[in-house]
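After this come two complexes, each holding chain A, first together with chain B and then together with chain C.
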Partner chain A sequence: MGTVEYIQHHLTNNTIGEGFWTFNMDTIIVSFLLGALIIFVSARLGKQLETGTPGGFQNFVESILDFVATNVRDAFPGHNPLIAPLALTIFIWVWLMNFMDLIPVDLLPWLFQMITGDSHAYLKVVPTTDLNTTLAMALTVFALILYFNIKIKGVGGFIKMFLFHPFGKFFIPVNIVMTFIEEISKPLSLALRLFGNMFAGELVFLLIALIGGTLAVGAAALFWAPLQVVLDLGWLIFHLLVITLQAFIFMVLTIVYLGMAHDEGH
Partner chain B sequence: MSEHPTPPENGQKMAPPGPAANYLLLSAGSIFTSMLIAGFIVGYFLDELFDTRPILMLACALLGFIGGMQKVIRLTQRLDRVVPENKND
Partner chain C sequence: MSINATLLIQIIAFVLLIWFVNKVLWGPLSKLMEDRQKKIADGLSAAEKGKHELELAEQKAKEVLKDAKAQAQNVLSQAEKRGSEIVEDAKVKATEEAERIKAAAQAEIEQEVSRAREQLRKEVASIAVSGAEKILGKEVNAAAHNDMLEALVKQI
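Right after this comes the complex of A and B.
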């Protein structure tokens, strides 16, 4: 398999259906399993809560809860009991989906090919490298933004926002178009940022994997194989920061956008 | 939902941004780019509607560009409202 085929193979989803109704089964199943993992672990932890001296894992989860709660307090004006649980879910789920990037790029596809017996079976394990996932999450947040905009400001206030923002009452047609652009840019920036960062990260992992795969032939392996290990480890440590930062930014921007929806002065 | 969502009180509106707002600066670049892309998208559909391609697409892209600039400037200006922890600074 050539280098181009190798990369293309790793960046192709395992799909069912055709055209508009194509389902990326690997994306759906992996993200579903990770969501189920969150529910399972939190349900189990919820049954074993200790009030006196909590164990290591409970401490860890409590520190994440504290971290998210602090961010909600900092970035969200007003009060809404939905925001903190939403932010926590987004942070942990996106982080776990991003974390799939750190599993060796060939491991899970290789296991999948062994299980199915098809040596060309596609498997793309990082759901956030699929634009459909990030766009779906961003559109869900966008729907919440619209819902709270209308709920807090009322239909009249919502229409007023389109008419008089940002250039005042003398530029109503421009204001309508501008507000449309602004609103559409919110889910777009959320989705594209996460997708872009994760896709690029995955691509770098694939390129590093190719060093060993294509160049390490015969005695050259003595040079290229250690280089691959060092580069892979370096990028992995750096990427650990990237996946956390991206999950965090997705969470903070969700809080900020929903905060703007609650702000009547906006 | 047991409690109703409420807007912030008036006093909170101009409160200095918390530390979380600093992270927004990381997204300044993507906000600017997405405003431009959103401008093209809105313009594309308006052109489809009025059959005026490519005038509205370009006009909306220009609006998106202006709006993106404005947003980035506002985002960076927010930082000026941060109250220094030590007044002697």
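Right after this comes the complex of A and C.
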């Protein structure tokens, strides 16, 4: 199998359906499983909550909660009971989906191919390397931004924001364009940043995997295989930072955007 | 690779997950953490209050002790005073008693002396008469010499 085919194969979703009504089953199933994992673990934890002396795992979860709550307090003016659970969901879910990137790139597809018996079955395991996932979250956040903008500022205030911001009342056409771009860029930047980082990270993993796979022939494998291990480990450790950072950025930007929507100063 | 219906599924999944996370994770756990925070704050303030109360109690105890000490001192000094008074009293009484006894003894002595003198006087008169009778060999008329006898008795 050639290099191009190898990479293309790894970057193709396992789909059902045609045209727009295509469903990327791998993306959907993996993200649902991870969501179910969150709910399952939370529910199990919820049954044995300790007020006085929390055990190890509860401590861990509490520290995540505390971290998220601190970020919400710092970046969000006022109080909205939706923001903190939203931020928490984004942080955990995105982190878990990103984490799929750290599982050896060929392991899950190989297992899947063994199970199905189809040596050409597609499986793209990282849901955040699918633009559908990141854009879905970004659009949900965008919907919330619009909702709270209108709820807090009123329809009139929302229209005024388009008309008189950022350059005052003498540049109304410019203001409309500017504000429109500003608002649209929020979901786009959210979705594309996460997608781009994860996609690129996955690609680098694939390239590193290729070193030992297709380049190494015969005695050259003695050189290429250790190099692959070293590079893979290095990129893995670096990527562990990236996936956490990306989950954190998505969360913080969501909080900040919603905070801006709550800001009546504009 | 392109946008398709997966987007809709993922939006639904995301919204559902937010709802679930709020229900099973954020809700109970944040409530628990808040409760704990409140409990700790309450405990701390109670401890502070207790400390303050302890201080007050210590101060009060000190005051009470001081009072008691002062009272004890007072009682002691009063007792001393009273003691010395009693002793003084007793001294005075004893002196008076001694004086009285001395005076009584003196009076008795004087009485005794005067009685003895009286008796002596009488005896001297009779001795003188009988002596004179013996010398004269006859009865002396006491009445006749009464004046002389009385003068004699008075000389004793």
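A few points about this structure:
Here is the rule we use: the second predicted complex is superposed on the first by the 266 of 266 C-alpha atoms of A that agree within 3 Å, B and C clash if a C-alpha of one lies under 4 Å from a C-alpha of the other, contacts with A are read in each partner's own complex, and residues count from 1 in each chain.
The rule we apply is simple: contacts are C-beta pairs under 8 Å (C-beta built on N, C-alpha and C of every residue); 3 or more make two chains touch, one makes a residue touch a chain.
Because the structure is a prediction, the values reported are computed rather than measured.
In the superposed model, A:L253 lies in contact with chain B only, and not with chain C. Once the two complexes are laid over each other on the shared chain, residue contacts for A:A69 go to chain C alone; chain B is not touched. Judged by the touch definition given at the top, the superposed model places A:F20 against chain C, while chain B stays out of reach.
In the superposition on chain A, no contact is made by A:N98 with either chain B or chain C. In the superposition on chain A, A:S31 makes contact with chain C only, not with chain B. Look at A:Q228: by the touch rule set out above, it reaches neither chain B nor chain C. In the superposed model, A:P77 makes contact with chain B only, not with chain C. In the superposed model, A:N149 makes contact with neither chain B nor chain C. Chain A uses residues 82 to touch chain B in one structure and chain C in the other. Per the touch definition, chain C reaches chain A in the complex via residues 1-11, 13-18, 20-22, 24-30, 32-33, 35-36, 39. Residues 1-3, 5-9, 12-13, 15, 17-21, 23-24, 26-27, 30-31, 33-35, 37-39, 41-42, 46, 60, 63-64, 67-68, 70-71 of chain B touch chain A in their complex. Residues 11-13, 17, 19-24, 27-28, 31-32, 35, 38-39, 42-43, 45-46, 49, 51-52, 61-62, 65-66, 69, 82, 84-86, 88-89, 92-93, 127, 130-133, 135-137, 139-140 of chain A are the ones that touch chain C when the two sit in their complex.
Contact residues of chain A toward chain B in the complex are 71, 73-75, 77-82, 148, 151-152, 166, 174, 177-178, 180-182, 184-186, 188-189, 192-193, 196, 245, 248-249, 252-253, 255-256, 262-265.
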